[in-house]
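What follows is a single structure, written as structure tokens, with notes after it.
In this document, chain identifiers A, B, C and D correspond to the written order of the chains, with residue numbering beginning at 1 in each.
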Amino acid sequence: MRREIPIAICFLVGISFILEYFIPHEDVLSIFETIRQWAIIVIAFAYVLGIANLVRINSHVIQRKGRDWPYKIILVVSLFFMITVGIIFDIFGIRLGGIGEGTIFGWVYFHAQYPLQATMFSLLAFFIASAAFRAFRIRTFQASLLAVTAILVMIGRVPVGESLWADFPDFIEWIMNVPQLAGKRAIMIGAALGAISTALKVLTGLERTYLGGE
Amino acid sequence: MRKILEKLESLDRRIIFIFIGLSIAIPLLFPVYTDFSVTAPVEGFYDAIEELSPGSKVLVSCDYDPGSMPELFPMNVAVFHHLFSRGHKIIVMQLWATGTLLAERAMNEVLQEFPDKRYGEDYVNLGFKEGREVVMVSMGTSIPKTFPTDAQGTKLEEIPLMQGVTNFDDITILMNISGGLPGTKEWVLQVQSRYGVKLGSGCTAVSAPEFYPYVQSGQLVGLLGGMKGAAEYEKLVQRPGTAQRGMDAQSVSHIVVFLFILIGNIAYFSVKGKKKRLKVSR
Amino acid sequence: MPIISSAELQIQSNNEFFPSNTNVKSNPFFKVLFLFLCFLLIDSPLSFAAEDLSESWFNPNRLNMLIFLILFFAVIIYFIQRAKKGKSLFIRRIAGLDAIEEAVGRATEMGRPVLFVPGIEDVNQIQTVAAMIILGNVAKMVADYDTPLFVPICRPFVVPVAEERVKEGYAAAGRPDAYNRDNVRYISDEQFAYAAGVQGIMLRDRPMANLMFGSFFAESLMLAETGFLTGAIQVAGTANIHQLPFFVVACDYTIIGEELFATSAYLSKEPKLLGSLKGSDLAKAIIIGILALGAILETLGITQFTRWFFIE
Amino acid sequence: MWETIGIWLGAFLTLCIFSFLYKDNPFYKLAEHLFVGISAGYWATLEYHNVFRPNLWDPLTREGRLLLIVPFVFGLMLFSRFTKRFSWLSRWPMALIIGIYAGITIVGYGSGDLILQIRANLLPLYTDHWLTSLNNILLTVGVITGLIYFFFSKEHKGALGAGAKIGIWFLMISFGASFGYTVMSRMSLLIGRVYFLLGTWLHLLE
């Protein structure tokens, strides 16, 4: 029972989402519509579960005084701070509560979360430059194809390339639209077949790692 | 010479970091504004909006967050500007939770240029909805059921702009600003190919090459790829923004990366020659 | 007259559907393909007339999708069932496996450690599963030589699985005593912290072979760069296409996209992996046929074939 | 006033993250943990305002749509993971979510990435214009040989081997293009931050 019911749910829901594609009948659509409205809610719960899990794991670390535990306190406190100003303040009608620009929530977003995340990703600019200098080695014919295309695209895609050669952008468009597109499309078709066969195995219960251990 | 090359081989990466930092800071401080032309995918995106009859209802899904803001925020602002300047109605939504305030800010920025635009009549923000592809498919049968209220909690029935909007049939075109997953790929697979909606995409440069097949197949009407795409589009809508401002820095940093690859390889091959290689090849 | 005699069947049993005999006429696969393509030459019934379908039970314009899904599902289930019954399904050996072997061989010759990085996604992700299968195989290779095998891990749940695989690998090589628990370590959940940790291992322990298989994101180039600088032989593989360029330029050999899954199916011989790989292969062969035939027909100005591939 | 404080805070946090370039240090760790905490809190808050209230709570309590109890209970069942005894209950809602995505994947990829992409590649090899003909030939050859590279049921020998070899060339060109575009993406992100530091914070840009 503990395995059969989930597999049955998975199968029925999955099949209904496939059938929906082929059956345009109004009555059927409205049933599927209801399932989808439910799905949105359950998926939202799944994200909350993830956040609850984050709190749980980090509280454990704090309790055990595990590695980096003072930082974990900051993590948990900032998480609850956002929920407090975003939800609790809003419910009790406290000034500057709720979400949107002009609230505490919005202020923290624009002055903390935004710079943090944007900077985190901008580190990659440094890493890619360093990798280009120290590890980008053209050692084979295949690597040279990659390198030549990469360099052409890098230079041809920016204004300086165009001032070097007026037709550079058109040439890059050709590379993007013909040889690179062919490669991408081959990968895409292969990946689509893989994704569909994996999904089919999940639906039919052949693949059930999502159920976890007993 | 050999000594210099050997030194280069073992150069501290922090020196490389300083180089790349400067290659971006200096052009930003002293811009020369190199001119550039507009490429076909960007033109396709622009034309798709130009061709709409005034007053069309356009759905703009802003699916990105601060991690890709320098590329996508300028597009977002330019799209709103373009749509308003052509007299279209904008329905905004988001599938990324951590980007909702960015779309709001983009709208507020554009509203300063169009003070007569009224919320609920000319534009509406449906807000964020969880569920990724499920939300997309669900909107195909009923937008009001998927989004019972807008971002502020007003019921959709009470919003004039949303009168008569049931599903994608009532949307003229969908413009997606895409930072990753869920984004343009999912909109193409779940909505464009299923409901036949016209779809345009503004995406990060990382995912742009992956979307070229969709432009060729006609699944996308146009594509803005990365900051360069945004700059070209800003040029077309004649609203210079941060993307155009960044183009010089983009040029210089690309040249620096190119030189890095070049010098790195010269150093490598002249110092070590061809070192140990695997026998296996493809 | 049977299509293939029983004697031939026996010879070809390890290579069914794509037999090595080049006689196209007597090959069942080509017959199926031929019939299928002939079928598609019938004028497409897809009309796309704007009619109201809200009362009908089937959308005729999606007939092509229905045919495709039924065929593809049938093929995959068929191959999985065959594999389950113990019929051997042929998959070619991926050259990447030789690369792994050679890299591990070099490391053992020099008495230097081997590093295996299984990506940064959780244990239920298909790429991590594939990485674990390859890990078991690598463990088997190093066991004989007392070469340390380091496995730094990003997600806690991957740790027990990786430990199990390494232990099994050592046992299969007859050296269960060589297994050292401390070498399979959890580093950090945080992407960059994990990358920094692995870079630390590369610089401190100087592994001679860096094997990176699984799901990688932005950390790929940080790892490949550091590994390159330490002079290690690097073999990498991921299905995250966006990370492949970095591996291709900084590694000695790269396993590309689906090859990763083919490698794991080849090594594990697990029916569900083999079955879906064979099913996809058959579909690919059909698609290649469609693309070739379609191009010829389009060149000749015959467009009805293409009309089968419209979706409303 | 608050705006100025905010900009200084943003600049401080930006520099905290950049300090990682020198080496891992407490400032970076602080910023990193702050980021994880804030964005998780942000996410939870949005779920409440944009999903739970409009899609579940309000229709359930105000409009009496009692059927919504089903997804509510399913959602709560997810949390049984935190207990040892009832954790199996969380498989039901998990199965629901997995089933939905499986169904959606099949339909989406089947139509958008297979049928429509195949159609887009059924091209005449000879046309009025030489460039179009060349492009169509390259596309046809490229996609077919690319697929051959990912074909595992036969040894790559003879014609098949040659096909696979050509296929890998197309793949490499495609990776090269991705590399170039990735450089563009990463540099844009840094431009954004430098713009903030030099412009918004230090007012050095006009």
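Before moving on, here are some points about what is shown:
We adopt the following convention: a residue touches a chain if its C-beta (ideal position, glycine included) is under 8 Å from a C-beta of that chain, and two chains touch if they have at least 3 such contacts.
Since the model is a prediction, treat every value here as computed from it, not as a measurement.
For chain pairs A-B and B-C, the one joined by more C-beta pairs in contact is A-B. Across the assembly, the mean Cα position most removed from that of chain A is the one of C. With each centre defined as the average position of its C-alpha atoms, the distance from chain A to chain B rounds to 15 Å.
Look at where the CA atoms of chain B average out and do the same for chain C: the two points lie 32 Å apart. Distance between chain centres (mean CA atoms), chain A to chain C: 22 Å. Centre to centre, using the average C-alpha position, chain B and chain D are separated by 13 Å. Along chain A, residues 17-18, 21, 37, 39-40, 43-44, 47, 99, 109-110, 113-118, 120-121, 123-128, 130, 132, 134-138, 142-143, 146-147, 150-151, 154, 157-158, 176-177, 180-181, 184-185, 187-191, 193, 196, 200, 210, 212 each make contact with two or more other chains. For chain C, residues that reach two or more other chains under the stated contact definition are 65, 69, 192, 241-242, 245-246, 248-249, 257-258, 284, 287, 311. Counting only residues that touch two or more partner chains, chain B has 17, 20-21, 24, 67-70, 98, 100, 129-130, 134, 137, 151, 193-194, 206, 209-210, 213, 216, 228, 250, 253-254, 257, 277, 281-282. If you check the complex, the residues on chain A that touch chain D are 2-3, 5-7, 9-18, 21, 34, 37-49, 51-52, 54, 56, 68, 71-72, 74-83, 86-87, 90, 98-99, 105, 107-128, 132, 142-143, 145-154, 157-158, 174-193, 195-196, 199-200, 202-203, 210-212. On the chain D side of its complex with chain C, the touching residues are 20, 24, 32, 36, 106-107, 110-111, 114-116, 118-119, 121-126, 136, 140, 143-144, 147-156, 171-172, 175-176, 178-179, 182.
Interface residues of chain A, counted against chain B in their complex, comprise 17, 21, 29, 32-33, 36-37, 39-40, 43-44, 47, 99-101, 106, 109-110, 113-118, 120-121, 125-126, 128-130, 132-140, 142, 147, 150-151, 154-155, 157-163, 169, 173, 176-177, 180-181, 184-185, 188. Put simply, chain B touches chain A in their complex at residues 11, 13, 16-17, 19-21, 24, 34-37, 39-41, 65-70, 98, 100-102, 104-105, 108, 129-132, 134-135, 137-138, 141-142, 145-146, 151, 194, 209-210, 212-213, 215-216, 228, 247-248, 250-258, 260-261, 263-265, 268, 274, 277, 281-282. The residues of chain C lying in touch with chain A in their complex are 53-59, 62, 65-66, 69, 72-73, 76-77, 80, 123-124, 126, 129, 192, 218, 221-222, 224-225, 228-229, 239, 241, 245-246, 248-250, 257-258, 261, 272, 276, 279-280, 283-284, 287.
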